[in-house]
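Per-chain residue numbering starts at 1, and chain names A, B, C, D, E and F are given in the order in which the chains are listed.
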């Protein structure tokens, strides 16, 4: 690292990471601007969109602090269900989000779980990041939802798509009255 | 918060004859405090299910009213419910959600309590207490009575309360609809791992009255009907069964429990359900067949939302869940939701239902989300000085209920809706606040339908 | 919160003779609750302006005391104000800030209300209510009285309240200064789109007393004076007019309204203003000229901060705004600010003023920011046990006010300051709490200047 | 993307995006360290600094959820007004921010609205990002202001400057008692 | 919040004979409000240390009960304590944490107060007040009495309170252990710059009783003992001294102060301490030697946690700190912690101790963190309806205390633990609530050990 | 900047900055996943880990708003003390963090105080960033701690290590009951 020459592999890595960041930031813009139809296009057809619940466990059980894959979760959706969630909001009479909420998605700490120089067609890579979802609606209703996300991205037809999303919310008792927003 | 004028519950706040109920009871802090003493410290409350604590030493931390309790199975396999607070200086003794333990050791000074609640370990018992501490008297505070009804666990703090069976009164068979198997066998229910817990900014009675049988708010769910999340790909749920049935509003007035009930026709098989998943559809077709074989005429009864007084909701069909509405101050409710399957259902069925349940119910549930928005803002809009001067309106179906030849309780048959059930819920609520003794409470007149 | 000792408002808490007022009235929760009943449910409150709802069906969601109300124009063009809460189960029926609607449909069970408040749609009216629901009785709760004064809309919940004109008493002409045109024509005011709403952690009476005429706190605004945000590039505002005028503290003691008033000299034209923008300067030069032509001697009166009891602030010159101080508990106030221009002013003028208004007022306003800091921490520092034992000090100009030949009300001419106006504000405040009937209230002695 | 070679255009894009991030992060440091004079230097002389108010609207009106350009706003400042705001704080007697508040600006999700390889002298580009402005002052007074920002940057004399800033705060009723901070 | 039944403090809530104390006193809002009047507005409270305000004009903003106060030194060097609230309209007049000032100028209307509290500046004194404002009467509210005890500053709002010395009663020499030098010289203590302040969600009496002498909760600190943060690299602190000492629980029943006290053997030098740092070890070896030389037999007394009624904690050895538990509502406490060294200790010693102190105490302190978790969740688990029906248990060492030949107060010698000290803390607490006059309070029976 | 050619020095800078971000994001993952032993490996043996307290001061004293290096602080730890903090949590009986808390570290605004193309073996560089530490535990206990961080990184054996960390928390009265988490 001490000489100014940067290897082509390293350049490719910088490029890929920026591509992924751009992908997530674009996704956040689509969600916060409520362009849900284009958001759905970012999801692979066989996406697994999973938000398990959190458990209060001891340090010894620290790796067992989310409900298991087959247990009750907050979300465990396939693309069809996500489409229905979008459709519901778009009816304009989904009262839980009508009037529409003001939502911001902040995505930080984006990294590849295993660094790699590139992502070829059909390849998958898993990323980690942190999120803050801030929601404010009507007069003073405000929620702050914070946690981390593990996304598996796949390149399909040159484009990145989300093949799997695991959302680890840092709450056990959910302090929001509902989860009308996407993560 | 000041209150608008004086009140006496039965005569003033809850006017069953006119079908009008004061907004005060939802927002007043003094009334809330009375509820804690008169209702939550006396009534039978739902705590959990034995499938959550299958083995000796297993525990699940639950809630009764505002307070944390430990549901656990002692070394001998007996089930207990304890207040989750050390007898020494009050520290919460169990701080994990669930698990298995030999003893509960208090973090503060190290007293430890057996899974039977007995104080078994007192550090420096000899030096500090000269061995004179009477351990028998300082075990965990245990509920006064506990009942295991087909696996569901209920408890009350009041030693004078009647037995759970007497408390249920004629409602027993509607609770059975929740707990018995889809194929008609007794008590097959199993809780899916993971109880949902979340906070809603409203008084606990909003969800309670909703589940007591508010079928009038269907219109609020039109968006999810349009989206079509049901297990056959349409609407909210499979409606075939309901479409061919008679719909009854049922309540047990001297007990305070209510439910909606569908009665299938004697002669007709309901249309198939779960058409989105052939394996599931076939399983339920089989179960329905079995149920009719085993139960005969009784198999015609199909459950729907219900409420066991004060704060336990039932939903025995789609999606099959129970809920608890735990008061967290007058303006906030912690909702808990348990999801049920039959314990020996195939894994595919369990998974299919799991997915359906959570897209329907709970905070990410596309149906329940809209309910909570209503409870939230009905509550908010009811707290003001002027709002509190005007009662809520509970007049739908006023005077329509009567006794039924077969179905216990007061029954209104109404294809659309009636507010009989909420009315009876608040009748019972008023009795709890007005009546100091169980003699009175068990003898309460069945007035004012 | 406990209170320090007993009180009777007029004699104990509000001592006008000594100019001392108990801190208790700002922080005590019981007093706060009484205020809701005695003041906000009885007095005339400002709701909005007709320019916000120009067409039939237009609505604007406003606030009266703690409660949400709908200001709307019905199909016939008549203006109404309704409590924003469904008569069925209390749900907020209108949840958008403003807009246009044919009916307000409740999200919960779908009752719908016309823009005249009538209950016009009840789903399953026949099935659920056997067509016996008396729709006439269950429309939206409407205010008891409404007044449209030169476009500004006022309402009261109390049918026994006097008319708005009587309520204003001699204050009418000061409200005119707010609502009439810069050029002296009647009622030219128009609200600029967008009402600012924000939360301040203080009792609502801090801003109210401030606007009643606290000219003593000028020193607190020295930082903005140094920064020089005024429309001529200096100070906070154009002071030329004030510099040549006489300054009066005016109040209408038997009504509780107050204002600061400048009286221009009869013979001298005030120096030019708005020197940062030639077009604007020219426009106002023209308007002033017109005003003097149309109004004659009366044109010498120039408005300044004022307060219409209880919670509406006026500011008729620079910047021209009205504010509402909505109580949100004893320790929190939701401030609303409307900004005014003359409706037919040139666009350049409107834009120039808009920019000036918002850099002066509201939460980003370089002047009002410092006021709110004071209100916030005066409130905080007044809640403690020891603090509450010592009254606030309102002695400036004690005994100085008197009647004036021309100007209605009690008038103190004081180039610097007087606390006459806050004193009279609290006098009226005490009368509202002490007096149960409007007869008493309208007859209140003009004691204790 | 599957070969390690990264095109010069792409490299230039990586470079530009990092330059913009550095620019915003430096700006945040200047604000949070209260070096307001140097902060003012980052603003173009004809900057439009605008924070409209938010409205509660239906899904159908989702694109009409801020007050219009000529309506009342929270801020609609030119550079001269911004200078005056700075000057006011610097008097040391602007009580609303005296004692000084503790403020952190967190800027995330930085992206170009339209990706481009470079920004030549005189050119403009519009960026999007999310912000969190956290303020804590005196004992326990705390505000959390969250939203998104659209900035138009222009290159002048080689340096980036902010030509226009639109701040979309996710609150309708402002839950802070004032807005003494910059965004 | 409603309360469970009626109470009379001494007879009902605090039962010293049985060693049982109601949970109500920790969670009830009415009791909390009474505490503010009866305890915090009457008792002597710790405010700070003179080393924090060495020069004329220096000030430090402190807290008494719920309220902000200014500790300052006037131009003549005299120390004062004032309520931090303007006499005009209540604004907080000093908003910096500490510093130096000629006057305190109120931001709102610019009244200014000298460092002796006198109202020295009133803008427009002549114009606004006609020079009739009696400045002598409207200075800052000063405490009724102030005491400087070996540099520590104490104050009370009650003019009828006894002197601080009488208030301390026999406790004086334990406070000396805190304030005198390590080498035995009088009053050598100096506060390290920076007072830690942080919020804990519990009633203020949890930390108070803990520091009164709860040695029973040692077990809760096992994790830090295992981590070994002590100044010799092991355990929490150097225990050599304690290991060879006798351990006494001491309290002054008619004053309400308590402490743990170690008595070194007459004949044996305690093992060396601070072995992680040779310079520090050598320094303390020297100090100990000096102390024995100067103080003789008295040097055998070694301090440990103590509590001066109501809310000041002492810890005179490792780590040497004082704390204040400021009530912020019944459910929240603002903890303040001052750290002490001897003023002429070498810099290396000060730095070494600084590092040790803050890894032990305060919110990042590996020991105190666990205490706060206990206080937090003991509080939470005690607020419920059922929990409040059961008292806490304070029976350890019941009946064991007695008088001692040399040590003042009631003394229990117990190598392990006794709850004598918390019992006497609550005895005094009950007396403050029950007794209206200082005559009664100073005469309170020494009943019920 | 107007031509697409990016200099080798600039490429090296992009590379270094990304390396630093990856370093911090990896660190955050180790903390939030409670892999404390590997976290300790990121710290230089002579690390100074310092969180001063904040003071309420006037604008004129704005540069004196933290307690001095020798004053009382929230943290002023060497590596040995940090090791003991880790050890304490790992006992499983450190009640203040047992059951374990749910914690997310969000790191944003990462920049070099002085831009430089590379960091050679033994060299040091100081970075600035913002942090949000969100903690939620048990039922509804929630803390949001926000501020900025100045880290001095050193390259040792090819790896980055943290030589010094100064944490500037935006609170004066700490609004959390304790500080069991690392920053």
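Keep in mind that, in the parts below, a contact is a pair of C-beta atoms (placed from the backbone, for glycine too) under 8 Å apart; a residue touches a chain by one contact, two chains touch by 3 or more.
Quick caveat: nothing in here was measured; it's all calculated off a predicted structure.
Q: Write down the chain pair with more C-beta contact pairs when A-C is set against A-B.
A: A-B is joined by more C-beta pairs in contact.
Q: Averaging only over C-alpha atoms, locate the centres of chain A and chain D and give their separation in whole Å.
A: 25
Q: If you average the CA atoms of chain B and of chain F, how many Å lie between those two points?
A: 47
Q: Let me have the rounded angstrom distance from the C-alpha centre of chain E over to the C-alpha centre of chain F, please.
A: 34
Q: Taking each residue of chain A in turn, which ones touch at least two of the other chains?
A: In chain A, residues 11, 14, 56-58, 89, 91, 93-95, 97-99, 106, 108, 132, 138, 140, 144, 172-173, 175 touch at least two other chains, as defined above.
Q: If a residue has to touch 2 or more other chains to count, which residues of chain E qualify?
A: As it turns out, chain E has residues touching two or more other chains at 95-96, 107, 199, 220, 370, 373-374, 377.
Q: Got a list of which chains touch which?
A: Result of the pairwise touch check is A-B, A-C, A-D, A-F, B-C, B-E, B-F, C-D, C-E, D-E, D-F, E-F.
Q: Inside the complex, what are the residues of chain B that reach chain A?
A: Result: residues 95-98, 192-201, 220, 222-224, 226-229, 334, 339, 350-351, 354-355, 357-359, 362-364, 366, 368-370, 372-374, 376-377 of chain B touch chain A.
Q: Which of the residues in chain E come into contact with chain C in the complex?
A: 29-30, 33-34, 36-37, 40-41, 64-68, 83-92, 95, 107-110, 123-124, 127-130, 132-133, 138, 141, 157
Q: Inside the complex, what are the residues of chain E that reach chain B?
A: 1-2, 4, 23, 214, 216-217, 219-220, 370, 373-374, 377-387, 390, 392-393, 395-397, 400, 414-419
Q: Give every residue of chain B touching chain F within the complex, in rising order.
A: Counting only chain B, the residues touching chain F are 95-96, 107, 199.
Q: Residues of chain A touching chain F in their complex?
A: Those residues of chain A that touch chain F are 1-6, 10-11, 13-14, 17, 54, 56-60, 62, 65, 106, 108-111, 115, 128, 130, 132, 144, 146-148, 170-173, 175.
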